[in-house]
Each structure stands twice: as C-alpha cells, then as structure tokens.
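Each of the two complexes below includes chain A, the first together with chain B, the second together with chain C.
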Partner chain A sequence: MGVVLDGLVLGLQLALLSVGVVFVYGLGGVLNLAHGQVAVAGGLVAALLLQAKVNPVLSGLGGVLAAGLVALLLDRTLLQPAYRRRGEERLLLALILTLGTSFALDGFFTFRYPNVALSLRLPAPSVEVAGITVRTASLAVGALSLVTFGLLLVFLKGTRLGKAIRCIIQNEAGAWLCGVDVDRARTVTLFLSGVLAGVAALGQGFFSYLGPDMGPEFTILALIVAVVGGVRSLTGTFLASLLLGMVNAALSYWVGTYLTWIALLAVAVATLLVRPEGLLAYWP
Partner chain B sequence: MLEVQDLWAGYDDVAVVRGVSLRVADGEAIAVLGPNGAGKTTLFRSLVGLVRPKKGSVRFEGRPLHGLRPHEVVRQGVAYVAAERELFPQLTVLENLELGAYARPEGARQRLEMVFELFPRLAERRGQRAGTLSGGEQQMLAIARALMAQPKLLLLDEPSTGLAPRLVAELYRRLETLRRQGVTILLAEQQVGAALGLCSRVYVLKDGGVAFEGEAAELRGSAQLRMAYLGGT
Partner chain C sequence: MSVPWTRQVAPVVAVAAVLAAVPLVVGDSPYQMRIATLMLVLACYAVAFNLLFGHTNQLFLCVGALASLGGYLSVILVRDLKLASPAALGLATVAAAATGGFLSYVSVRRGFGVLFVGIVTLAVSLIVHNLLLGLRDLTNGETGIVTRGLGMGLGDHPLRAYYVLLAVVVASLAAYRWLFGSRHGAALHALSEDEVSAELSGIDVTRYKVACATGASALVGLVGALYADLNGFISPSVYAVGHVDIPVLVALLLGGMRTLLGPVVGAALFSVVDELVRPFGQLTVLAYGVLLVALFLLFRQGVVPVVQSALGRRVSALRAPSSRTAAKEEVAGGTEAGR
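Moving on to the complex of A and B:
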C-alpha cells in the first residue's frame, strides 16, 4: 500500500518535471534540454534563501519564481534565433542552443555553489493515516503537485490566454489568424514550464535533497516520460508519469534503487519499439 | 480601402511575389486569379503578416499593414481564410467560433447569431468537433470563424478547393450575401467561373506579377482573354 502511494507521488513529481517539456515542445516546437537545469536553478535559489534565514514558504516561492524567470530569460534571449526558423530547423537549432545552455549552467552551479543543496525537512518523518504509515514528505509532495496542477488546469481551461495556449498546440497558424499573439503565449508557456520545474525541485528537496549537479538527471527523466507519453500529448504525459512512478517505486522497494534507471530506460525503449509515437500520441 | 504597392515577398532567398500592386475599394469583391504557383497564396500570406514582405507597402484604410504581425492585422479588421482552413480539429464548432472572436470579444454573442444565421448547418453542429466535419462544412466554419473577428476586409484563399460543384455554388451565394452586407472581399480562386460571378474586378497573377487587371465582365465576355491568361478555363 505504501508502495502504491510512493509510486503515485513519484509519478506526480515526474509529471511536474515533464509536463513543462511537453508543453514547450507542443507550443514552441522546441525540446528544452536545459529544463533540468532550470529546475536546479530554482532549487538552489530556494536553498540560498533558506540559508539566509528567509521564511521557508517564501523561500520555496522564491525558488519557484526564479526557475520561471530563468526559463523566461532563455525564451527571450537564446531561443529567439530558433523561433525565427520553422519545423526541423527550429528543433535542431534549439536542441543545440539548450544543450549548450545546460552545460554552461551545470558548470556554473557546480563551480559556484558546490556545497549548496536544498533539503526540506518536515517536523515528523512519517504519520499514520488509516492504519498505514506514510512519509510526510510523500504527503507534502502529493499535495504540492496536486495544487500546482489544479492551478494549471484553471489557467488552461478558465482564462483567455490559457485557451489560446491550448489552441496553439493544435494549430499555430490558426491561432495567429484568430488574433492570438503566439510569441507572447510561447513566452508565458516557457515561464510556466520553469515554474513547474521549480515546484518539482522543491519536491526533490522534500524527498531527499537537491544538489547543484542534478540538472542532467532531471532533464533525462523529463525526456523519458515525454517519450513514453508521446511528446505532444498532455494526457499521455500524465499517464506515463504515473506508470513510470509506479515502476520506479516498486523496483526500489522490491529490488533496489540501482535498477530503477535501467528499468525506466527499458520502458522508454520498449515504448519506442511498440508505439514509436508514444502511448497516447494522438490524444489531446 | 486596401492598397498594395510594388509588393515583393517569398521564402528565404526566393521571391514568389514580384512587384504586385493592387487596390480594393470599400464594398468591392475582387478576385485574384492565376494558375498554381503564380504566387496567390504567398501574396495573401504576406498581406496578413504570415510572410514578411521583402519590399513594397500594404496600406489598409490609410494605415500601413506591412510589418505587422498576424494577430495585429486581425485587430486592424482584416481576416484571412487560408486554403488549408487552419481550424482547431479537436475543438468543437462553437469553440472554434469563440476563438475566432479572440481579437474582438465585445459583441461576440450577436456575431455568433449572425454567423449561425448565415450558416445554419454550423448551428446544428455546434457541439461537434471541427475535425469530424465534412470538407464543405469545414470551409463554412473557416469563413464563419474569420467573420467572428468582425472584419471589414475578408481574404479568402481558394475557398472552393475540394468542394463539389453544388457546394461551390452554395458557398458563393453566402459570399454574395456577405458582400451585400458590406463586407469587402478579396479572394484567390482557381474556379474562374464562380469567382467571376461574384467579383467586379479581377487581377490575374502570373509568375508572381500582375499579368492582367480589369473588369470581371471583360473576362466573362472574352474567351480569348480567358485563354490567354487562364489557360482556357
């Protein structure tokens, strides 16, 4: 039972990380390889604020905001030449630009902040709910991600800009012709992807700790989920996150954590072999 | 209303539109004819900002349109119905229409009623996903969505593409209604007969330039002219 809950929460955590990647890909035609570094930036800012004795809630918010701003900056500066191209050319140029960014940020973080780590400890390590012992960290991360996704859903379904963003994913030219400023919507989406990554970084801080060198790991996790879910499908991304979360939790429980990476990659490879477009490639 | 002067546009280093000049007066319906590859679509795309003109000017009601981005062009009162229709396939008819009013949310309710009156079939199918409509219905929806932006000038690129002759006739009756209601129309067409019935003046494009310009009646009356510029259609 505890394993199922761990798997679910881990799945939500993976979803936080990968939904941003999928969104940016669907909307901007850009696969952001610096996504994990954006998350780490947020986590490090939160850690530094905590070190400076800022209130923990404000530190968390500050970290999330910082991650959003790093992504926004990336959109407004480095990605601009990529946006001027279309299709595969844009994808390729953006891959190189964001890969370079990821190396630069990794180097900066590990050089400048080698010993800074985000670790969020709750007052009690575990509580008993309906006869089951549950880690408080799991509850915190579960609640945090559900609230975040709730807000995201309200934004997408309930606001003008949110609806515009959903329609851009379906048809960019159609959106322009309806009077949607696609460039601005893309900037907002990059910011939101950063915010989601920042929340994921906080989640990592609750679970264990987040270090300055964890960017590549986050990026790869997000990409695995995106591949399994179908890089254009939000529903697929969500289901893939939960599936991989479960697989991961079950394996660490019964076998050992050393196998989890291999298992995640195996699932991704198997998906590519059976359904190269992802599990739910053609779903909205 | 619309004044295009020596417009050059294209992709990368290739100019597809080479020095086109044309005028559309308030309340007119104008046809741009010509074979595939003559530059009709690129001309339209450069008018609405989907392609950035390399040279020349586009003025709408005296204000420059060139250099504006597509969403700003819509706000100026110019709506474009692309040949590909560019609908949102997963969204319903109603949602597509609502997004059509994105640039001009005020008064969207009344325009929705107006649009449903013009295209009763869309009212029947308002809850259906756009991707599941027939070709004719999708074209109607594309035009209806453009009308939701309350355009003064409506640009239509090959509206009859893929439609059965009966549907083409029906479509052009609707366009005639729109023109009488005061919507100015500029359309590109391969079905010369249908376009000549609606439009008062005609531009024929060839290799990216204007090869002929004149009254629609001239072309209607002269098989020779039609043969010379349009390959005998």
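Moving on to the complex of A and C:
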C-alpha cells in the first residue's frame, strides 16, 4: 500500500517535471535538455534562501520564481536564434544549445555550490491515515503538485492567454494569423515550465534532498515521461507520469535502482520504436 | 576524380608526418605523451562522428556507449574466455559495428529525424551505462577493471600506444579520403543536402546511412578497445556521455564538420583547451557547455574551413567532399557554401 502511494506521489512529481518539457516542445518546437538544470537552479536558490534564515514558505516561493526566471532568461537569450528557424533546423539548433546550456549550468552548480543541498523537513515524519502510516512528505508533495496543476488548469482553460497557448500548440501559423502573439505566448510558456520545474525541485527537497548534480537525472526523467506520454494532450503526459511513477516505485522497491533506470529507459525506447508518432511527433 | 591522385593523398600524408613527429618533441614527458595519445583517441571518435552527424545527419549520442562496448568486451573476452587479444579486439569491433548499424537501420526504417535519433541513442547510452554499473560480476561496477595484462600491453609502452593510435587515425583519414573521392562521396554529399531528393535520384539512402553508421561504429568500437588497453583501467565513467560524446561534439564543431582535417584539428584544439581548464576541476564541464553553445551559435563552420578560405584556393584540395570534386558534379550548384 505504501508503495502504491509512493508511486502516485512520485508520478505527480514526474508530471510536474515533464509537463514543462511537453509544453515547451509542443508550443515552441524546442526540446529543452536543460530543463532539469532549471529545476536544480530553483532548488538551490530555495536552499540558499533557507540558509540565510528566510522564512521557509518565502524561500520556497523564491526558489520557484527563480526557476521560472532562469527559464525565461533562456527563452529571451539563447533560444532566440532557434526560434528564427523552422522545423528540423530549429529542433537541432535548440537541442545542441540546450545541451550545451545544461552542461554549463551543471558545471557551474557543482563548482560553485558543491555542498548546497535543499532538504525540507516537516515537523512530523509520518502520520496515520485510515490505518496506514503515511510519510508527511508524500502528503505535502501530493498536495503541492495537485494545487499547482489546479492553478495550471485554471490558467489554461480560463484565461485568454491560456487559450492562446492551446491554440498555438494546435497550429502555430493559424494562431498567428488570428492575431495571437506567438512570441509572447512562448515566453510565458517557458516561464511556466520553469515554475513547474521549480515546484518539482521543492518536492524532491521534501522527499529526500536535492543536490547541485541532479540536473541530468531530472532532464532524463522528464524526457522519458514525455516520450512515453505519446499523446497530444496534457492528460496523456499526466497518465504516463502516474504510470511510470508507480512502475518506478514498485521496481526500486523490489529490484533496485539500476534495473529501474534500465526498465524506464527501455520503456521509452520501446515506445519510440512502436509508436514514434507519440507525443513528440506533434511537430511535423 | 578530377583532382590528381597525389593531391588527394597529400593532406593525409601531411597529417601523418606532423603527428608522427609529435613524440620527438614531447616523448620525454609521460604526461604529455598521454595527452597526445588521448588526443588521437578523440580524433578517431571525431572522424567517426563526422561521418555520422556531419555527413549522414545521424546524431548518435552513443559514441561513448559504443566505445565502452568495444572496451569492455575486449577486456572481458580476454579475461573470462582467455581469447587472444587481437581476436578479442576484432570481436569487440564487430560487436560495436553491429550495434551501431542496427541502431541506424531501425532509426532509418522508422523514419526518425535528428531529434529522435538523438533521444534514442541517448537512452541507449544511459542503458549501457547503467548495465555496466549493474552487472557487477562482469564489469566490477563503479570500481572498474584494471586492464593491465589483458590486452596488447599498450599501457606499458606509451610510444607504441601512440603510434598504434596514429596508424588508426591515418587509416581512417585515408578511408575517408577514398570514400569521398569515389562516386559514393557524391552520393553522400547529395544525401546530406536533402535526403528525399537523393532518394528520388536513385541513391539508396537507407543503405548509405546504415553503411556509414556501421563503419563509424566499428572505428569507435576499435578505438574504445584500444583505449581500454592503453589506459590501463576502465570504468563506466571514463566512457560516460559527458566524457566522450560532448568532447567529440565540441571537437568536431571546433575543427569543422564535413571536412577531412576538421576532426583532427578539432581534437588537437580541444585537448589544448581541456588542458588549460583542467586545474579548475568541475569548471571543465562548464567550459564544455559554454564552448558547445558558443561554437554552435557563432562558429558553426569550424576552424578548418575558415583557415582554408583565408589561405585561399591553393589549399582547397585539403577539403574532403570538397569544392573541386563536388562543384563540378553538382548541376545546380550552391551546395558548396554548405551549411
């Protein structure tokens, strides 16, 4: 039972990470390989704020905002040359640029903050809920991600900008012809993806800890989920996240970490081979 | 074809001569010899990657994984099955070639673009990495394997190691030169410009891509195995993406894609840069990243083409699929400026 719950919460975590990647890919035609590093940036800022004795809630918010700003900066600077191209050219350029960025950020974090880690401790380690013992961290992460997704949904369905973003995902040129400011919507999306990644970093802080070297791991996880999601809607990514979260929790419980990684990666490769028209294919 | 035979061979001979003289200069210092040898290893990987990414648009982010396949296989075959080391080397090469060829075949068949090939091969890299970590009985996991006595003893003879690697570099450059001097070169040239048009004009794109991937992977596997021997020690991290694939990508961009000498010049420059930032520890990773971004944004041509155009037409024969051969064959032209 505990495994199932862990899996669900881990799934929500994965969803926080991967929805950003999917969003940016769907809307900007850019696969952000520095996504995990954006999350780590947020986590580190939160950790540094905590060290400076800032109120924990404010630190968390600061971290999330920082992650959003890093993504925003990425969008306004490095990705601009990529946006000027189309299709395969844009993908390739953005791929290499974000790959380079991810290494640059990784190197910077591990060099500058080798010993900073975000670890959020709750007052009680675990509580009884309906007869089973549950880690408070799981509850906190679950609640945090559900609230985040709720807000995201309200934004997408309820606001004009949210609608515009959904339009662009369906057809960039069409949306542009209807007077949607594609450039602005892209920037907002990048910012949002950063914010989501920042929340995921906080979740990681609740669970165990978040170190400066965890960027690649986050990026890969987000990529795997995005690939397996294989659908045109956020719902698909969400389902894939929950599924992989459960698989991950179950496997690491029974067979150990390295096999879990292999299994997850193999699932991703298999998805690509069997259903390459999956999620990543909505860029023609 | 239209270029005289001697002029085609000249750059390869020149590179061989220059590189062969390097031990005369640095031969006394084991440390510098090691850097020079590692530079040659990187150059071989870059030659292979040039063929994969530069000429056939296959972004193989599994160069390190293929090299590790070669390295580990050659060592394990000798250790556990008592195979003679040349036989193990050959088998390791074949295994890497088959793996690369298979990946390429699947990718082409499924119609994967650059992005998908990149993701699939990256995932394969990570799978291999985790397998190497996990199969402790065979690979010793993170601790790695000491390869002394399990190869041809290149680890104990730095000079021999250098010249063996140099032979591989020169052979691969000569093969590259031959390939692009032949009619296959024209086919590859057409293919890298536009695959659909190439297919329509009767070029078997699948065959060319798979053949290039197989050949390049064989080179990577062979050099990975030689590296295992000369390094005296292997572990999953010496073949990791950050240690092999990224340097290869940076070196190739630095030197110049789709050129004969680009991989070698790039590897040499990269080794120098790497040596300069090495004292700063983790900053090397930062430097790789910044270099990659800067090169791809501002200097996509690479050093070799820039130097060539600066030196003028006299050196233009150095270039592989080059102006002279290609431009004459191209009906429409315009490809020479290239991407």
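Basically, the second predicted complex is superposed on the first by the 274 of 284 C-alpha atoms of A that agree within 3 Å, B and C clash if a C-alpha of one lies under 4 Å from a C-alpha of the other, contacts with A are read in each partner's own complex, and residues count from 1 in each chain.
The working rule: a residue touches a chain if its C-beta (ideal position, glycine included) is under 8 Å from a C-beta of that chain, and two chains touch if they have at least 3 such contacts.
No experiment lies behind these values; they were computed from the predicted model shown.
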item: Fit or clash - chain C, chain B, common chain A; value: fit
item: Partner chain(s) touched by A:154 [first = chain B, second = chain C, both, neither]; value: neither
item: Partner, of chain C and chain B, that touches more residues belonging to chain A; value: C
item: Which superposed partner A:132 touches (first chain B, second chain C, both, neither); value: neither
item: Partner chain in contact with A:107 - chain B first, chain C second, else both or neither; value: second
item: Touched partner set for A:176, first chain B, second chain C, both or neither; value: first
item: Touching partner for A:227 - first (chain B), second (chain C), both, neither; value: second
item: Which of chain B and chain C A:164 touches, first, second, both or neither; value: first
item: Which of chain B and chain C A:255 touches, first, second, both or neither; value: neither
item: Degrees between the directions from chain A toward chain B and toward chain C, using C-alpha centres, nearest 10; value: 90
item: CA minimum distance (chain B, chain C), superposed complexes, angstrom; value: 11
item: Residues of chain B that touch chain A when the two form their complex; value: 48-50, 69-71, 74-75, 79-80, 82, 84, 86-91, 99-100, 102-105, 145-146, 149
item: Footprint of chain A on chain C - complex, ascending; value: 59, 106, 110-116, 118-120, 122-124, 126-127, 130-131, 133-134, 242, 246, 249, 280-293, 296-297
item: Residue ranges of chain A touching chain C (in the complex, touch as defined); value: 31, 78, 81, 88, 91-93, 95-97, 99-108, 110-111, 114, 220, 223-224, 227, 256, 258-259, 261-262, 265-266, 268-269, 272-273, 276, 280
item: Complex interface listing, chain A residues touching chain B; value: 160, 163-164, 167, 170-171, 173-183, 284
